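Some structures are shown below for you to check.
First chain A sits with chain B, and in the next complex the same chain sits with chain C.
And now, the complex of A and B:
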């Protein structure tokens, strides 16, 4: 199966005021997104998921810089493409949805216009045709009374409706790839379920590949075919979704699994990985997870483990990958 | 929307009345009786009393206040003690000069201030940015009379520097007045635009594939200029009420000069008239700013 996007060895750094050394936020990340599939990118907040996707889209903040790597899309390296050509891909062949539906839409422009804008830009439609197409897509993403909603300002819409507008905006050009950065994190659980169902339906219909960024393993289970787990700016595990949930091998992934709320014979329990994500400027030598890892050995603290295949394309960055199946409902990791 | 504005207009009525009361009171406790002002010295006591009576100066304060309001509502602001002509007519005669100067300097300040602010924001921390912000700060912080004198000296051989001869007479005062407004607008535009550009919706606009120029013109400017427009409305209303210093320095016979001469001559009706005229304009300017704000910002609009 061919890949729609291949990110190879991507590194991104940020400058900060008063400090000469740049902070490395993403360090040698490889991610392949197969045609028509949904790939999850998970990890705690701050581990570099958003930065990875923004770098691919050329949307890094002013102080950010791609240090190396490539992002092959349709035979072109997005990271080397001049801005002019990248703009023809953005919003057209690759589009994005962001976490905050409250702030991701322009407050002084009507919802309809913000969607129609993409149609006018990429499909060259005139105002009337773009409006008609926008109302169609509003209907498709489940916005009731689409004609009226076309003229609504974002503050007149609920969070769920705004995210539907964002999805409409992202899907209106039938992109080859949709990057969804925590699209449901800010929404209620019931709205989240609706939005996820909508994304799945749209994908089935249009064949769009999705990169689903989330820190919610429930969303991964719901939607994804394959999963990449990031920790401190690096990929630490990659597996198909079945393998991940049945026998993930990295202690970090196991910790994430264990911290899912679930029912056990002893009642409801929550596990937390000890400690926090390390500071970008104070990365531990050796394995970056070692200070928080309950299985860490001396070697882990000095030597950096490579990302190795532990079977059938299941990759894991650990000297001693776990091999026991995960005991769902039990106590063990 | 209309209702919202109507409500604001009604609210201003007591404000206006109270303001007139304060002005009326202050100018009435100031020593300096019109009769002594007009006749200077050497007047017989009984003549003074007769004159005072004919001018109703011995009536109780509130009677005079309400008479003043009543007359003002009929367009009568009294008669200038010094010039012996109706105040309304004097202001009406002086207003065209002030209007031209206000419009010219406002337009100048918008044309200079907004683009400079935008360019400075887009090219943040570049030489252009530092230079234009320096010039703006200079315009904002230098005393107007000082700038006026410097410009008069620099251009005295090329441009008229005193009185109104032709449209050229407006050039220097326009620059003097417009410069400080332009500086304020440029700095405000720049800081608002920089603030707006940090918003999530700007990233959304970029992710749509819009060019940097269209992101600015289509998505950032409207948000950034909302506060600027309201400042502009208030600014022009205060310019309309007469720029006393600039008009005096350039000897422009506008409302500002009128007010200055009223102060010099202790001409109470004229002073009262110009002060109230100014206050009404500023209140109107605030109303317009308010209406503009709700017209361009959909979040303010009352449903």
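And now, the complex of A and C:
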């Protein structure tokens, strides 16, 4: 299977006011997104998962900078493309949806017009046909009263409706790749389930590959084929979704899984990952997770473990990868 | 078990342009001493408003709250404050509820000062240091300010402050929703430990059904201001009787890819607005089982099995 996007050795740094040294937020990240598949990118706040996608799309904040690496998409390195060409790819072959869709919709143009405009440009429809098709698409993505909603401005729509407009837009574009950054985090569960299903429909219809960035392991289990886990700016594990949830090997991933109340009886303590995420400017030598790891040895504190294949493309960055199946229910790792 | 708090036919309505928000409509239930009662529902269902009504932070339009048998509406001023000492609240965003200009020690000491507990500043400081230790904060941090703490630590500050007056009941309004998974586990463990040590009673308000299942002895489900279902936790999760509860449980993405079901029935439509809600059963516009009766007659909360209450004309089997 060929990859639609190959991120290789990506590093990103940020400057802060009054501090000379730049903070490395993403450090040597490799991610492959196969054609037509859904890849999850998970981790907790500050692990670098969103920064990775923003860097690839050329959307880093002013104080951010790509330090190295490449992002190969259709034979071109997105990191080296001039702004104008990157913008064209973003509007056409790569679509993005974010947690707060308000930021990606133009606030002074009605929702319907924004989708219709895309149809005119992409499908060459005239104004009347574009409007009719937009109303069809609104209906398809579950927007009630689509004719009336056509004329609504984004701020007049709920978060769930705005996210539907964004997915409707992606259905028009039939992009090669959809990058979704916490698209359901702000939504109620019944709406979240609908949005996840729409993303799956989009993939079935258009063969779109999806990069799903989320902190929610439930969403990963529901939607993703493959998963990358990030910790402190690095990929610490990669596995297909079944392997990840049955026998993830990295102590951090296992700690995350064990922290989840999953059918855990009341009164039984949940697993605690000790301590907190390290400061970007004071990364531990050796394994970045070692100060919090209950299995850490001397070697882990001084020597950095490489990402190695522990079997069938299951990658893990650990000198002591766990090999037993996960015991759910708070009995430790 | 004995009853700690009882809500009787609580109603809260807010007039808005073009109608009335029916935030809480005729809600009655009781919380037993020492239990955790979970309260779930989607945005706009009235769960946070209900929490505030129970603490008398906002006055009800009608209905009553009894705490330890005392009718809160008969109390005023100092006497009401004294009664309310037994009920405290912790919030989703502890940062918004912590005064950024006060040191952590002063924030936690505030309720002590307000209720004139402790004979001297030194005595209060000692109580505060003890509380900090109980919630897992290092007492050396006494003089630090809220911005110097992480989200999880700030939630611990909020918990310490809620514990200062040694309450019997704590209303937890989405206390872990803003936290990362690993920090969420720490706070849930802390809430469990404190309950065991102090015999606390919790009303735990959350939209996260997995967290509520883990923590609660009983669970109530709200939809648009009304109670749909109230039951012990295993029975609610394993055999929900209200169609809304069923849909809600099915919608939660489970961290288990072997349970992925791409064809399961989804609850369609948008979260309905509590402004001018539908007649009869408020869920009827999104309910596949609704018929004429559901529009005409509001279903009452009925005990379908021992301890399992449901408000539906067509309960699931």
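We adopt the following convention: the second predicted complex is superposed on the first by the 289 of 333 C-alpha atoms of A that agree within 3 Å, B and C clash if a C-alpha of one lies under 4 Å from a C-alpha of the other, contacts with A are read in each partner's own complex, and residues count from 1 in each chain.
The rule is simple: a contact is a pair of C-beta atoms (placed from the backbone, for glycine too) under 8 Å apart; a residue touches a chain by one contact, two chains touch by 3 or more.
Remember, predicted model here, so these are calculated numbers, not experimental data.
J.: Does chain B (first) or chain C (second) touch A:256, or do both, or does neither?
T.: The second partner, chain C, only.
J.: Under the stated touch criterion, which partner chain does A:188 make contact with: chain B (first), chain C (second), both, or neither?
T.: A:188: touches chain C, not chain B.
J.: Does chain B (first) or chain C (second) touch A:308, or do both, or does neither?
T.: The answer is neither, since A:308 touches no partner chain.
J.: Looking at A:122, would you say it contacts chain B, chain C, both, or neither? Reply first, second, both or neither.
T.: In the superposition, A:122 contacts chain B only.
J.: I'd like to know which partner A:59 touches here: chain B for first, chain C for second, both or neither.
T.: A:59 contacts chain B only, not chain C.
J.: Give the label of whichever partner, chain B or chain C, reaches more residues of chain A.
T.: C
J.: Please write out, lowest number first, the residues of chain A touched by both chain B and chain C across the two complexes.
T.: No residue sits in both footprints.
J.: Quick check: in the complex, which residue numbers of chain A touch chain B?
T.: Contacts found on chain A: 57, 59, 87-92, 95-96, 98, 100, 103-109, 114, 117-118, 121-122, 153, 155, 166, 169.
J.: Where on chain B does chain A make contact in their complex?
T.: 199-201, 203-211, 218-219, 222-223, 226, 296-299
J.: Which residues of chain A touch chain C in the complex?
T.: Spelled out, the residues of chain A in touch with chain C are 44-45, 142, 144, 158, 160-161, 188-194, 196-197, 200, 215-223, 241-242, 245, 255-257, 259-267, 269-273, 276.
J.: What residues on chain C touch chain A, complex-wise?
T.: Those in contact with chain A are residues 36, 42-43, 150, 152, 180-182, 184-186, 188-189, 192, 196, 207, 209-211, 213-217, 233, 247-248, 250-260, 262, 266-271.
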